[in-house]
Each structure stands twice: as C-alpha cells, then as structure tokens.
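Presented sequentially are two complexes of subunit A, the first with subunit B as partner and the second with subunit C.
Take a look at the complex of A and B:
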C-alpha cells in the first residue's frame, strides 16, 4: 500500500515533469488517452492519437486549460490489444480520470461493465457497443455522435438519394464487405431489417482478419454478384486493400462507401489515382481550413509540441481525434458550469456529458464553424444519432460528397432498444440509479 | 551454508522419493505460498493484483498445460490458444444455461469440454510427429477460432460477438463480474492454480507421468515396454487441454471479465504460451511458472515500473523499447541456458549447496 502511494507519486511527478506542468497542486483535470501508436493498426491509430493530444494541448497552451483548470494528458499505449487496454485502465483509474476513450471496440466492451461499476464515464466516440446509446441502461457510457447502425442506415439513405428515392431501392443489390469480427458484423442486423422494409437484396462479403490484405476471392464473388452498391465496414489494412481491389475489378468507385473508420487518408491513397471517387461516411470535416486547426498549428505544432508531422495535421483521422477531444473539452466545460467547480470529478463529468448541447453558435465560438454538426445528448439518448455526410476522395484529399443527412433513426431505435434490453437481461445489469441531469 | 541437506536422513521410501526431499525446499515452498496467500493480497495494489498477478497465474496454468504435452510427452502443439478458447466458451455456455450453479464449478468443468476437443485433435498424434504434428494442431487453432466467430450459438447470438460476464458470487462475495474486487478474483485464481499444480505434480511424478516421459524419450522403446501409445498420447492431450481450458475460462471470467473472446484466443496466444514453456523449461512445472512470469509480468513491469522509479518513458517509445528489451532478454537467457530458466534455477540450487566453499 505504501508502494502504491510511492508509485503514484513518482508517476505523477514524472508525468508532470514530462509534460512541463507545474507540480504545485493547482486545479487539474486528468484525462488519460488510451492510444495505439504501435501494433497492426498503428497507421490509423497515430493520426487519431495526435489529433486528440494536440487539441487538448492547444487548450492548455492557448487558454491555460479548460475554465482555469489545466488538463493533465497522459497517453497509455494499448497497441489495439484488449489485454494492454485493461492494463491501461487499471493503472490510470486511481488517478481520478474524468473520462476514458478506449479507442477499440474490444477494449470498450471490456470497459463497459468495469467503468460502470467504478463510476467513470466512457466516451466511445462512434464505436463500441451500439446499444450503449441507451442512457437509461448505460448511464456511464456515451457513444456520440452516431452508432454503426446509424452509419449503415445513412448509407442506405445515400443510396436512395442517389437513385432517386427510397422506392427505387426495390430490387437493388447492396453488398456489405466487412471484417469478419464483431466490429464488422455489427451493421448486418440493421441492413437485414432495412432490406426487408425497402425490398433491396443484401449480399454479405466477410473478410477474415487474417485475409485483410488478401481479398482476391472476395472480390471474385463481388464480380459474380454485381451488387449496385457496396458498404465497407473495415478497419486497418483491410481498407486500402478493398479500395485497390475495387479499382482492379472496375467497381465504380463512387458506389463504394466506407464506414467512417474506413475514411483514412492513407486508406484512399493506397488505391492511387483509381481511388478517386471513393466515399466514406463522416461526421466532421477534413482539412486545415478551420480556426481550430489553425490554432493547433500555431500553438502546438509550430512550437514542436506535437508528435504529428506538419503535413498530416488536418487529415481526416487527425481531425477525428480533434473532434473527439472537443467533445471531452466541451463536456468538461459543461460539467464545470453545472457544478461550479474547476477540478471536476468523474461523477461531474457524467453530468456534463449527459447534458451536453453543442449548438451551431458554440461551434462557431470554438472555431469549428462548418467542421461538425451540432450535437445534443440527453439522459435517455447518449448518442444523439447525429447528422452524417458522405465524404469523397478527390485524389489528394477528402471533400464533401453529400449534404449533411439524418440517419434513419426510426429504424435504428427499435433494434437499439432491444439490444440494450438483451444486454441488461444477459448481464443482470443493475437498473439506473443516477439522477437525470437536465440539459441547460 | 543454509541450503545443505547434511543431517537429513531418509528412513522410509516415501520420504526418499518425495517431490521435495530437502527440508529447505519444503520451507521455501511454504514461504512462497504464505507470501502468495497473505503478503501479496495485503500489500499489493489493485493494479498489481489485477494486471500482474492474475495474468501471471492464468498464463502459469496454461503453460503447465502445454508443458504436460510438449515438455513431458514431447508432442508439439500450436493449438493451446484455441483450447483455452474452448474452455472460455464452454464456461460461458454452461453459466448461461445453468445460471444457478456456482461459477467455480463451471470454470473447472469447462476444462473437460476442452479435454474432449483436445482428444479429437490429438488423434493424429499417433501417426505424425514433430513439426508435422505442430501443423495438425495449427489446424485445430484455425478451425476452432473460426468456430468462435462463425457459430453465434457459442456467444448466445450477441450482436458484438462478445462474452458478457455478469456478477457471480461465492459465499455472497462477488468473484466474477465488474463488482468483484481484485482480491477476491486473485484468491479464487490462486486456489485454482495451487490445486491444479498439486494435481499436475502428482500426475507427472506418478505412473502416468513416467509413461509420458517414456513416450517422449523414445516411443518405440516405450511401446515395447508395454505402454499403449495411443492411450498415453491421448491422455496427455486430454490433461493438457483440460489445463488450457481451465486457464481460458479463468482468463475470460477472472481476468478479462468478458469481452471480445474470439480475438483473445488467436494464434499469437498459442505462440506466447509455447514461448513460455520453452523459455521456462520443457518438462518442468516450476519452469512453467518462470516462463509465465518472464513473458507476462516483465513487459507490464517495464511499462509501468520504469516510470514509477523515475525513468520517464511513455507511449510508443516505451512500447518499442520493451519489445527490444524483452527480445534481448529472451536471447540472453536462451544463450546462457538453452534448457530454460528451470535449468538455471537447478544450477543455482546446486551451486548454493556448495556455497561458500565450492570444491
């Protein structure tokens, strides 16, 4: 026990030294970032980690933290490995973290029961368990701005819009190429429900994790079936391979739509010129043409405080990290406003997240005008089912390929509530006891 | 000086044949058990218990399992990860079908399912040996892992394909699930490991273990002596898979607390356990513990221990350095002692008997 205090103290001292924060007890907010800069998915993990770190660092540099409280940022390397993820969780949970960002579906699934018991909020931004959007069942878990089911429904909506209406979906063939793992299989249930409703035919093309870079046979099937549209629920090395294969098989690139995690710059770049027109769902903008990104460049990147190479700042996944950190920061600010405290606790953070309301005006204030859609969470709805748009690769960068659109929330909600109920039943999940924090 | 058996006379055959014939060894074992049961839960932090000790015990159990097969019977297996998975899924199914029965019973019973699967995949071992058998068990690894993903019945049609572990209690204390304290989970884990190690020690020192070793050293000679090869090899597969299965169930229920299971039991897991057995020492129970400690504790201790003693390492750099360091240490130990850490330990003990006047 003595060792624990010593270790904590030493770790805190080292941390403070490493991030050049004053050691004196000042109001601080501890935000652990579970990131992965190593391992098989490092390519996607590094820009996200940089974006998350840089935005929070920028707030420290520019504003001296959030509401007068410095943010203590600590990265813990998970390597996208569930085992290391739990290690990170166990090693940081004693330091009063306000929120966890697991950044892996596997780690999120682990963390949902643990964090709920330890009463620390988890912000699994547009990944993790779709059902955790149900705030009545999962008071401690937040997954804004959209679930995978919202994403799949937005894909169907996009297809309908491009084909001239939902009635035109009848008789169409929609394919789903997906990683043969829980993450990849997630949209199947929703797409099956929608295919019944709208009368399109759903074709599944699973890709085993070990065959991510070897999709020849899968695309042979695709060529045989000739689906009209393909939705790609892939991650890591699977995405550039899928884009390359689509190009090789002359699949019309503007009919291949990836989930938001299939929207890395490197994913599309891998396909070369032929990847032009590749689409991916998105909930924030790419590029540096926003005051917030320029502030990051000025206060963090140009001062050499970021690990990101200068030309990677503003890439799609980097901006996703920024968006994620913006959600954290706004929730902290909201929690400070509710409680009147500077150094908020995890408990306060939960209230802050639950009553989060990021309006257009607020986005403008924080330099994110046009960067993202407004977002509002409630006690019942921890997701928001926010607007999504389709981004399109123009050969060098991601540009907007559609207007912001609402997912088909009406089709998603029944599935989602049923899944939450199943989860609660299977786990003897305790009923919610936390009082509802009404939005401001 | 202290470690000397002078004056310890054996007057009966059992005392002469004991597993620990030297009194100091027995005292040492007692001290280790006392430390494990009393000191560690008393003084270790939650982090040490749940991220260092519990993984160490889980891997020790799995390494003992593989050691029975590879170290004692001489059959190489690359399917340990999958056999662990069978244990985890069996335990999950049993737990959800019969929720009233205590979880510890199911953790142990899960081992029998794993043993059954192990026997089936062990059948080719009569005909094929060495690297070819390794390939056959590799097939088990891939086939079983495919089942874990593709048979939704195994994970109760869960949308995320995850094993979900609710709270389960023993005498009113939660031992499994999010509300279980690390201390409770550690004690359950420790009791399982101590009991199963004691059983393994008795098996390998008895008739069965001797027949395994006879098969390992020369199977034709063993056959001529009247040892049935098929029975012996299948028994080794069964016992080994039993241990792996229990380890897998413990991993999912006492350590991970549920989650995406199919990925946890992949080929890397099998390799990791094989490395533990090789580095720890083939054909040695204590080597299984050494190997598990080396492979599972060392990276964690380096990752979180170095910052704690004031060496500012973090993030990706630390991760890369740890990989380099652990790799270098593996090579170092294998050069110093190719027969594993267990042999090193034996040599150390031998030297200690002469100390301080070696002749």
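Take a look at the complex of A and C:
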C-alpha cells in the first residue's frame, strides 16, 4: 500500500515537473553573479554580493520576477581571482546569460574581448576599463554610472572646491595610494593629465596585494612627502589598514578621500574613533530609509532568504549591490519593452542597456527616491558620467559630506575617447556593426 | 650620473638630513621584523621536529586569531577565550597528527609538504565557513594591550612609537625566551631536539614520534595565536593576513630553517631591510618594492651562506 502511494506520488511529481518545465524555460531570465565571499578581498565582496542577490530575490518574491519572467540567480565564486572569474564565465555562458557582472577590473579586462565575441553584455558598474564607456568602440560593455576617471576627476574637483578654486590647485601635492593591480592603477593616467593641466604635483603610493595589511613604509613615504590630499584607490583589506595608518600618522582624516570602493562601513569602522571624517566618493545613498531597502527587508531578509546579517542591510556596500542589481532589472525591463518578449536574450539586453533611461520619476516608482541620481545611457555613451558626491564617516555611519557634483567631463572625455581609440588599434578591435537602438 | 647619485648618494643624504625619519623607518622595520620572526618561529618549530615545511603556518595565524575573536564575540572573558583558543589549537594539532601526518609516516618530505597545502586550503574553507570573510577586530583592551602612541623629539623632528608595537616586541621577546627555555631545559624540549637530529635514533630510545609531532604542532599553534593577536591588533585579522605571513619565507632562507635565533635575526634583517629599501630606494623604482625586496635580500644571502645565517651546514659524504 505504502509503495503504491509512493509510486503514485512519484509519478505525479514527474508529470508535474514535465508540465511545468517548458513554462519555466520560456519565462526565466538567467543572471549569473560573479561574486567573492572568500579570499583577501571578501570583506568588500560580501556586502556587495548580498545586496545584488537580495534585490533580484526581492523582485522574484514580491513581483514574481521582472515583467512576468522569473530571475534565475546563480552566484559563481571568483575569490577576486581573474583566472577563477574567467572559469566562471566559461562555465556559465552556455546557460544563456543576459548579462555578466565581473566584479573585478582584472576579470573585466579579460572578459571584454571574450564577451564581445560571444555577444553577451558586460555590466562593470563603476569599475573596469574607463575607456569602455565609449559605446561606439565597445558595444557590449557598459560601466555606468561613472568611470574611475570620473571618480578621480571628482576628487580633484572636491579638492579645488575645498581649497577655494581650481587656480588654488597649483603647487599643491596630491597623493594617490592605490592597490598595485589593474583596478588600483586605473586612475593614474587621468590624474597625471590633470596634474599637468592644473599644476598640482602627483605622488603615487602603490600597495602590493601581499602588503595590504603591512603599509608601514608606504605611510612613512606619505609622512615624508606631506601631500595635501590623498586619494585612496583601495580595495579589500587594504582600506581599513589605510584608514588606521592615516590615523596613526596623524594625517588629516577629512583630506583622505577614497574611491567609491573604499567606502565600506567596515573600511571606516576599522579606524575606530580616529576614522571620523574619512571621506569616500559615492553615487548612491547608504541606510535603510528607502522603500526599496524596506521591501528587501520584508520580502527577503525577514523570511531568511538573505545571507546578509540583518544589521548589515543598508550599509554602503550592500546598497551598492542593490544599485547594481537595479541597473540589471531596469535594463531587463527596458529590453522587454523594446522587444515585447518576457524571456529576453543577451542581444535584447544589450539594447535594453543601451537605451536605459532611469528618470527621477522612475527612481521614485521603484522605491529609490533620493537614493541615486537619474541615469541615461546612449549608443555612444555607455556610462552616463553621472553626478557623484562625497560621503563622510561620522564615526558610526556614512553621511552626505558634499552636494552632488559633476565629474570634470570636459577633461575626461577627450582622454577617454583617445584611450578607446588606442585600445582598438592595439587590439585590432573590430568596428561596431551593431545597430543603434532606435530612440536612444 | 644623476641615476648613480640618486641610488648611491641621495638616500644617505636623506638619512642624515632627516634623522627622525631614518629612526622611524628603522623602528617600523624592527616591529615588522618581530612579527615576521614570530611567524617564522612557527615554521622553524615544525621543520626542526619533522623536517616538514609547514605551508599552513600563515593560515594557522589567521585561524588562531579568528578563533580567539569568535570566542570573545560569544561573550567569553578574555582569559577564557584565550584558553579556549589554545584548546582549539591543541585539537587542531592532534587532528593534523592523526589524520594527516601519521598516515604519511615514511613518505618523502615533498608529500608531507604537499599535505600542508591541503591543510592550508582546508583551514581557509573551514575558517570562511565558520567565521565569514570579513576582517575582524581584536579587542585589544580586553587583553590589557596598550593603545595610543608615544612621541619624542629627534633633532628637529619626531619619532612616533605605537604602544601596541612596543608590547608586540616585548611579548615576542618573552615568547622566544620561553621557547628557548622549553627546548633547552625541559625533557620534552630535549626529546624534540632528539627527534630533530634523528627520527630513528629518537625512536630507538623510546621517544614517541607521534606525541612529539602533536606537541610541536601545538607549540606552533600557540606561536600562531600570539602572532595573530599582535598583527591583528595592528591592523585586523583577515584572510589577507596569510599572504603577509609568507614574508616568513625569506626570513627562513636568511636565518636558516632550523634555528630559532636565526628566525629572530632573520626577521629583523628582513623587516628593517625592506622598510629602508622601500623608503629610500622605492620611490626611484615607482614604489611598492618591499613585496619582492625581502626575497632579493634573502637570495643575496643565499649566494654566500646557502644554509642561512644560523642553519646547519649539511655535509653529505658520497
């Protein structure tokens, strides 16, 4: 009797599976997330991975996905290792991903030629190759809302504003402490160009990955050179150590400005009371006081569907992950609108990204009023070069430390376009053949 | 000519013209050197007793530090947390002997070396599963470790010393003295030295190899715990620390794999050498040279003393 029930149950399950499978295959959107919850950079990677996952999961739980299509989220652990990242790419590209989020400049650089050949969009949100913002050269690569060059230029603008004008930059000494890796080196070219234009002296302080927690001599160099301001292009364990060392060396904390990736709560918290005043560039808000974060808490965190500890939800890097996934979701929605399909393809996604227009009204609709600045991408501009603000650590949390400001786009764009051209020449890069999405 | 001046003259001019920075650099190097030496000690202990180069020593530093912090986070008083962490390190030593070393007795050294790679990755995976990947702060106050710094004027400038660094130097000194006493004056210490000299001879006089291995891995675990606390108090304890721990390699090349004084002197030479190199010569090469300078110094020494400063000279008759 028992066996008969079991057999009937099994048969029913098989039948149910057989009937639901085709529907699932038709109405799903596969989004692989290349994340890192392990390794030396895990402290920065974990909150971002949680934020990215939780937003997409919230859409599944609250709305049943995007536009009627369920999102299939798959995390692939890279450990911030380029080789592993490419393994993740190769092992998932056969599952019809609509977009890749490499979450490492090193992985992005390797992925740019691969994904372009495979015709899969890459969303390297505010990281990766700055020149890839040029959509005419890189039709498959998107890096909104700002490039590292925009970030470095915003730092220079901030210094100028705090010093009384751009003419006051002349004779100043600006330092760049950076991870000695592609990510860390990315802003050097722009800062060198700006130092020539505005007359400030640029000092470079590279930190090897093996010495992220051993920065004694780097900060001795800083003590000797006495730069007026320091820009920190750091990541992972490098950031809390840099903040601690700055405090130890009595460097004025409000003159140490991190790139947006150096703005983790743990980065600043590590410096204790002395870290108060530390600054970091930002392009979205921190905190839980937004309907979108509250929906995540309600539909994901409270149901035990998140890996994030409850008190970490709303922290700066968590919200960074949320912002990243919002870009994915909005591009999917846009692609669905353009094509009329629920289950879009990678090519559809590229169109969706290329004509993405997130207005203030749309931000309000999705519970992000005041969370971020509006964003518009075009065929030519895959970045937006959006407004940035300076966040400041008040001892317990990140607060707004400046008004939204434009990057020095006039300085950045000619260099960026020249860099895109150089890349194309050096790599025998094919000319764009993809048609521009109508209306973009 | 200008290059020669910048390499051969200018650094020394800087040393004389800014003596405070010179002293500060030496101090930073000594502090880093003490910590390298602490990590290298763990390698030496195991290598002396078993001839195994324990690649997992760096990860043991991280694991021990995270274990202590986890016990503290559970609300245990500092002393209880410390005792519990020592207990975990004993359990780890016992497990390694039973599961890894004992089945590999009489295997070539390279097999044992590879097994320590396995231990490293097991500890990474297990550690990340239990403790998570975020860096953790050592509660220095709970261990009565001093905070803040002292500054004193030096010829128009100033030298700053972190109290935690001074404490690290004192604790490392005490640790080394305790280990020296343990090796020289206790029965177990003498047994350890006997095993180091000859496994077969030690066995023939009734010394249990298995017991010795547990003791030596446990001692290395305690050294790792101290190194984890001290380094963690300077920055924090994270999995990135295991990479810093590999700085013990040039220390060992320099000091010899079997010498405790060698680990100390080697650590200090590497620490001071890399800081001076980075500070005075680094800017000439774009900075960031200390990551490889330590190996360069060690290789330089190898040319003249292949066995290291204090290592045993191996003479094999053929």
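The rule is simple: the second predicted complex is superposed on the first by the 411 of 440 C-alpha atoms of A that agree within 3 Å, B and C clash if a C-alpha of one lies under 4 Å from a C-alpha of the other, contacts with A are read in each partner's own complex, and residues count from 1 in each chain.
Keep in mind that, in the parts below, a residue touches a chain if its C-beta (ideal position, glycine included) is under 8 Å from a C-beta of that chain, and two chains touch if they have at least 3 such contacts.
Not measured: the values here are computed from a predicted model.
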item	value
Which superposed partner A:38 touches (first subunit B, second subunit C, both, neither)	both
Touched partner set for A:289, first subunit B, second subunit C, both or neither	neither
First, second, both or neither for A:359, with subunit B first and subunit C second	neither
Touching partner for A:180 - first (subunit B), second (subunit C), both, neither	both
First, second, both or neither for A:82, with subunit B first and subunit C second	first
First (subunit B), second (subunit C), both or neither touched by A:423	first
Touching partner for A:129 - first (subunit B), second (subunit C), both, neither	first
Partner chain(s) touched by A:236 [first = subunit B, second = subunit C, both, neither]	second
First (subunit B), second (subunit C), both or neither touched by A:220	second
Touching both subunit B and subunit C, residues of subunit A	37-38, 42, 180, 209
Subunit C to subunit A touching residues, read off their complex	18, 21, 24-25, 28, 31-32, 124-125, 128, 132-135, 137, 149, 160, 162, 231, 234-236, 238-241, 243-244, 246-247, 274-275, 278-279, 282-283, 286-288, 290-291
In the complex, subunit A residues that touch subunit B	1-4, 6-7, 10-11, 13-15, 17-18, 35, 37-38, 42, 74-77, 79, 82-83, 86-87, 90-91, 94, 105-106, 109-110, 113-114, 116-118, 129-131, 180-182, 185-186, 189, 209, 419, 422-423, 426-429
Touching residues (chain side subunit A, partner subunit C) in the complex	37-43, 45-46, 180, 204-214, 216-218, 220-221, 223-224, 236-237, 240-241, 244, 248-249, 266, 270
Touching residues on subunit B, where the partner in the complex is subunit A	43-47, 50-51, 55, 96, 149-150, 156, 158-162, 164-167, 177-179, 256-260, 262-264, 300, 303-304, 307-312, 314-316, 318-320
